[in-house]
Amino acid sequence: MEADLILKKLKEKFAAVIIETEKRSEKRCTATIDPKAIVKVAEYLYKDEGLRFIIASGLHTRRGFEIHYHFSFDTSGLILNIHVILNNENPSIESLSNLFNASNWIEREIHEILGINFINHPNLEKLISEGNWAEGVYPYRKEFK
Amino acid sequence: MSKKFLIPIGPYHPLQEEPELFKLYCDGEIVRDIKWETGYNHRGIEKLSESKTYDQVFFLVERICGICSTSHPFAFANAVEEIAAVEITDRTKYIRSIIGELERIHSHLLWVGLAGHFLGYNTVFMWAWKYREPILDLFEMITGNRNSYAMFKVGGVRRDIENRMIEPVTKILDDFKKKNDLLTGAVMDDPVIHARTKGVGVLSRQDIIDYAAVGPTARASGVAIDVRRDDPYAAYPLVNWKVITAEEGDVFAKAEVRLLEMYESISIIEQCLQGLRKEKEGDIQVKVNEIPEGIGTGRAEAPRGEVFHCVFSDGSNSPLRHKIRAPSYSNIATFKKSCIGQTISDATISLAAVDPCYCCTERLAAVYDSGSGRKLYNARELIGLSADRTSELRNKNDLK
Amino acid sequence: MGFKSYCFKKSLWVFHFGGASCNNCDIEILDCLTPRYDLERFGILLVGSIRHADVLLVNGSINRKDKDRLLELYQQAPKPILVVAIGACGCTGGIFAEGNTFAGPVDKIIPVDAYIPGCPPKPEAIIAGIVKLVKSLP
Amino acid sequence: MSKSILIDLMKLRTIMAEDPSLELPEALYYPTPNQNGLKTIRELAVFRFTCRKCEDAPCIAACPADALEKDSEGIINRHTNLCVSCKSCVTICPFGTMMTDFFSHHRNKDLFYDLDSTEEMEKFAAACPPGTVTITDSRESPGENIFRLNNKVLVKDLLYKTD
Amino acid sequence: MAVYLFYFLVFPGLIFAAVTGAFLSWFDRKITARVQFRKGPPLLQPFYDFFKLLLVKETILPKQGSPFIFLAAPVFALFGATMSAVFILLPLFNIKSGFSGDLLVIFYLLTIPSFSYVAGSLASGNPLASVGGSREMKLIISYEMTFLLVIAGVIMKSSQNFDLYSVISAQQVSSPFIGSISGVLLFIVAVFCIQAKLGLVPFDMAEAETEINSGAFIEYSGVPYALIKLTKYIMFLALPAFLTGLLLNGFNLHGINILWAVLKLTGVVLLLTLIRNTNPRLKIKQAVSFFMIWMNLIAVIAIVLAYFGY
Amino acid sequence: MSELINLISANAAMAKTEYAIIITLAAGLVLFVIPDRARTFKGITALTVAVAAAILTAGLYSSGPQRFIPELWNAGKYLSLRIDNLSTLILFFVSLFSVLILLYSIVYLKGRIIKNFYSWFLLTLGCSYGAAVADNLLLFLTFWGILGLTLYKLIEAKNEESSATAKKSLILIGASDSIMIIGIAILWRLSGTLNMSEIQISTGSPLTAVAFLALLAGSFTKAGAFPFHTWVPDYAMNAPAVSSAYLPASLDKLLGIYFLARILNGMFITGEWLTLLLLILGVSTIITAVMMALIQHDYKKLLGYHAVSQVGYMVLGMSLGSVIGVAAGLFHMINHALYKSGLFLSAGAIEFRTGKSQIDDLGGLSRTMPVTFAAALVFAMSISGIPPLNGFASKWMIYQAIIDFGSGAGLANKLWVVWLGLAVLGSALTLASFIKFIGGVFLGRRRNELDKVKEVPALMWIPLSLLALTCIAFGVFATKVVVPGLFMPVTGTFAFTGFWNSGLVSLLVIVSILAGALIYLATGIKKFRTSDSFIGGEKFHEQTAYPTPEFYKTFGEFRFLSAMYRKANEKWFDIYDLSRQAVLWFSHKLSLGHTGILSGYIIWVLAGLAILLLIMI
């Protein structure tokens, strides 16, 4: 499956929630979507299209908290990033861990380093910060001028 | 009616070299639940990476883990080169692949040895590690170091494998192949190993998909994913090889996959060496001036599975955000599936089967005697020891 | 040189504490036990319990979580115990010294008897370091 | 063409001379597609105005990392990815063009005013000492010593020319 | 009285058994190293280890658990080992004394060390030690009957005599018991039992370093650990010697035969070492069924064969 | 009065016996009148009486075997008594245990109410004396029957479970009594006498075999041997520790095995097949019970199963038929009574202080209850047969007997390896389950809530220590003093075929303990440091305590064994539950309506007597 094809399919199915798409190369593309639709989109990708969840990257920018969910389509080597932007105050998003276990840890980790709340996560305990830094400290958050 | 009791494995436990705490909730000897406590090894690499330049990041990611100290730079280079849109030279590709595959061999051997050690089979441990030494010698010959080779940079590699090295490398590899046959036989045919590993720690296809496990862990359960083939990079599209899979998903299958992969690696290296002969010597770098703003995702197949790096660049000389996903991150989570319901002994080998790894460049001056503060050995002497050995090796193989 | 310290020197059992390391040092330590280097010929054994340890090999940068454990282990070790800091990380914090969880190189936490620098130090360097340490004992 | 920002470097220099503790805000702008890398307006300005554009540039020769290059106009361009911040260039440059603070190890776009957006542009102007930075419609006018640094930024300074 | 104390403390008891055992344990380590292409420890290594633990190292008592039993267990273990060594070695050296080498008594004495380890491990209050203890105990249960069957087989072969003197003389008069099919089978079974009793791979699950640190001994340090080492050295002599007495017609200490005796003993140790270096550790469950089913079966077959005179 | 003195001087032994029986029975009855509030007073009275009786019976020791028909009542042949070395042995130990247990009960029972405990206790004592000396089977049966009743009364009916247990014990014992009655009837038919000393028949014909088996059932039920053992563990779990220590652990064993000795070595001449049967029952008792003990979580129930399993060794010894076998069986019986009642008393002490009955809830009591711990350790080591304690000595004798037995020609003889193997396996399993008991209760990590636990009062630990010392003494002096002194008179002299110099070895134990202490002292025990457990550097966690009851789970994982355990839990092997339906139906008919279990029992016995009379006439 090539980048164009999957982006087209996404646009067809989720026209309402797709904010922007970008194709960087034949094997790399990004779709920015409305955070509320993340579970639906992920479910579609995982169950219907058989994509594998690699990891999610969370980062803090001026635009707010951004998460890139990286999905891999192993037969063609495609990496699709599902990109969401969360607002700066009280960032939260629906967890994917009920869909697949692979996202369990990373969501916990993002929760620890950035303070993003994952709704319905089965167990949002500390993963790495225990003893390493205090509750309420989010080392990957930034102060912007 | 019986309560569950906790057996801690770790954090500083001879099962793992690295600190990690597994809490096995046991009922008698049966593991009923498993919990992790991590963070013992948290070094904030992703954060550190944001404060280093791209060139420095290579040294940092190399030290995510010493065992696959090439996979991470590999994936990182892939990611950054994607942003910078550079195409590296063929010679670079071959060199990168050779290093990557040598590393796979040394890592798999290391695993076989450790697995033997976990099983209390120290002979296998010693043998595997003995046979691993020539591979480390190769590394030392090529890169000057046994681990953490410092070979990669954006757009190329730092050192060339000169054509005069090809001969001795092939020789050592041939030697190694014979020994590997011996070891493979010893492991695959031992009935007691069969008894200890077959049917133990089984992961089904569905578990693999659910946990998104990668590498030999996935391949041993019949999920044939291998980044080298799926999303080809470096010299892998240029050589012939095949993806090894097994169906059983148990510890033995994982061992089998790893043992057979070593043969593939050897063949890849041989083909790459052939490839090198054709290329021009010294053509190992493309100059990359600037890293533009953008996102780059790079992958590489480490011995343990897919390494994934996602680099967000804002155009400066260091990453804005650098997300690293090591294979063990996905694979360790499968313990929950593979260990529960097994005995403690099985649980430990199941843990080991995934080849978990949780995981460093300033050099300090001296060995001190704490009492007197007297210097016993200074840095130069110690490093000198290492250097002597490197040159000895090179001399032995008529290089220089 | 008394009989006691002679025996002590001839029979050093090491316990390996891997802090937040990159594994390389860990592996090189194990490597010392393997056929090529064979530390056992000096009577050195790797043990699984801190109670049996004579030498505490510490490698890796120590993060905050490790710090308490390291102190605890040092406390639990039967004296006399020698502490050897291995690798750049153990000696200074190495590449991770600026990390946000770094809690100080080993010697800030417990007294260190010997430093073996290198990233990772080669097995020869580790052995040479330990042998020097042993020679320096009274 | 929309509004540009005009930085009066001459005025700024006098103000800074009066009050050495003055902290200036920094801003950046990606001038052209082939000029990537995070560089401040100041660095760009310095290379354009202060640098003597030496014929056989000692800085380029000194750089151990091949990070310095002259572009077609003869203006020095420092490739951020290659520069290892060794500051050899600083030492070698006979005119003090190179400044040590160009080479801070790590820069993050988020910490600068990004002149891409008008809003930020205004903020930047407000943050600077009064009168030094203005937002104008005016164009390059070498007579007034106003030169265009790039399509968003005008700089008022004495331009050093080789010929 | 004094002569008994001499038997017990000096020869062939504590000191003799410990020194010989220490050399045997060095032999074991050396062979292991050789199998693994290593050089191995120096000859006096066991002594360095022992004296270091005894004289140099600090002893740490458990905060949890029972310090008294913790300290008493190694002493009791040492007693058991020494006592059994005396019972075994006196007949072997053909010294007539009050200790008569009653097989049943030896059998029971030989369980004392294991039993003491278990008690000590429990007294340490360490959960990993408890796991080790429980495994050791399960192992005892498994091999105990098997070991007894071996002894029963020997008793049968020596026509219902069950003292080591008679067993040895019965063999020296005719031929060693191992010279028959049943003898060979018994020997095989006995070797495995001894392997388990010595806690060597594949039956070292009670001290599995990589699973439960050092298992039963995790909390021991300093002096008590030195005593445990000593016990192990003694057992390293006592058990192979016992086997020599049971099936290999004991020692004959005249002239060149002394060499034979030494060869027999080291031969048995060599066999044990080779087994331990060519096998991974079994799981406790596998060990249990190994003894309970297979070894018992072989032992029973051997006994039936012995009954019919094979 | 003068008549009494006359009697004593004329026939001292008999008189002493009679008085012992009468004063205990009478005192027991009198104590019924005194309200339970004056418990301590009752206790002291009972103790005085028991001591008096003990002195009386102890005096019998040297009197030698004799048989008499007491003139006092002149009740003819039905009241004949017999005193021989076996009876005196039993009498002596019955007294010993009664006194020690009474001593213990005075404090132990302060907090609990068992109605008329001391009365029933004394009645039990009296009847035990009676049963041990009765020569006439009917007289014997009467005492024997009453013992079943007192057993029932000595358990407090505090809840459903305990009353069910009481019922179960009563019915099993009652049923076995009636079976015995039938056996006795047949015996009478065959031999025409009811005096044990006069009966001697061989078990050749089916009828004699039936009679033998009927009597065997009685003895097995009382002693608690497979398959009639099932009441013992339940009783042990639900009855107060003193009752368990008193009856199932000591007196019932003494009497049960006593009777077994009588029927095996006097009344019947057993054939090969019956020996084989007995041996099979013996080893089954050992193995089944110990396997069950292995998986128990309740320490009293665990002890209960051991009370069963050890019987197997006695049966084994007895049924071998050799002198040494019988002596070994008897020796083991005495040893067992010593350590098992000791164990029950220790269990009582633990329960007294902690109120917990599950091993899981306990741990680390060795520091807070050192005396109890030391005693329990001695008992546990004895029962597991650790040299040089008494348990080892008697087991060692049994093994010797088995090996000797092996040189015989019968099928049972040829299978000696089986008996020996299983006996040793049983011994290993016993060791295992006692490791669990000692480890779980006394060693390991103490739970916080147990921090305040104290040692029990002196009146409780004194009997415990006495028992423990006896255990040690019996072990140390086994070959030189105890066996020749106590058992050879009963069985006749024999020579050991093995070599075990317990005294010497014991001495060496002391030497090694001293040497050990010396080493520790010399190397500076003062400087020993304490530190928390090493578990990989983590701080200790409440949860990490690995419970000893989990020890043997592995065994339960074998498919065969797990099925067995499941079935056992479903009471598939419980003869009581199997026959309950039938028996209840039967007793229902006999009691003319379900009027309660006691009346049912009485009717049982009456019905049995009726049948007996019918046969006799």
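So that you can tell them apart, the chains are marked A, B, C, D, E and F in the order they are listed, and the count of residues begins at 1 in each.
Everything that follows uses one rule, which is that a residue touches a chain if its C-beta (ideal position, glycine included) is under 8 Å from a C-beta of that chain, and two chains touch if they have at least 3 such contacts.
Since this is a predicted model, take the numbers as computed values, not measurements.
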{"item": "Most widely separated chain from subunit A, with each centre as the mean of CA atoms", "value": "F"}
{"item": "Between B-E and B-C, the pair joined by more C-beta contacts", "value": "B-C"}
{"item": "Furthest chain, CA centroid comparison against subunit D", "value": "F"}
{"item": "Intercentroid distance (Cα basis), subunit D paired with subunit A, Å", "value": "38"}
{"item": "Subunit D and subunit F: spacing of chain centres that average the CA atoms, whole Å", "value": "101"}
{"item": "Chain centre separation (subunit C, subunit F; CA means) in Å", "value": "59"}
{"item": "Euclidean distance of C-alpha centroids - subunit A vs subunit B, Å", "value": "27"}
{"item": "For subunit D, residues that touch 2 or more chains besides their own", "value": "108, 110"}
{"item": "In subunit A, residues with contacts to at least two other chains", "value": "61, 130-132, 139"}
{"item": "Multi-chain contact residues (two or more partners), subunit B", "value": "5-9, 11-14, 19, 29, 39, 42, 44, 47, 51, 126, 130, 320, 343"}
{"item": "Contact footprint of subunit D on subunit A as seen in their complex", "value": "61-62, 142, 144-145"}
{"item": "Touch list for subunit A against partner subunit B, complex", "value": "24-25, 27-28, 30, 52-55, 57, 59, 61, 68, 70, 72, 74-79, 81, 100-102, 104-106, 126-132, 139-140"}
{"item": "Of subunit E, residues touching subunit F in the complex", "value": "4-5, 8-9, 54-55, 58-69, 71-72, 74-76, 78-79, 82-83, 98-102, 104-105, 107-109, 111-112, 115, 118-119, 122-131, 133-134, 137-138, 140-141, 144-145, 148-149, 152, 155-156, 159-160, 162-163, 213, 218-219, 222-223, 227, 284-285, 288-289, 300, 303, 307"}
{"item": "Sites on subunit B touched by subunit E in the complex", "value": "5-9, 13-15, 29, 116-124, 126-127, 130, 190, 192-193, 195-196, 343-346, 348"}
{"item": "Subunit D to subunit A touching residues, read off their complex", "value": "108, 110-111, 113"}
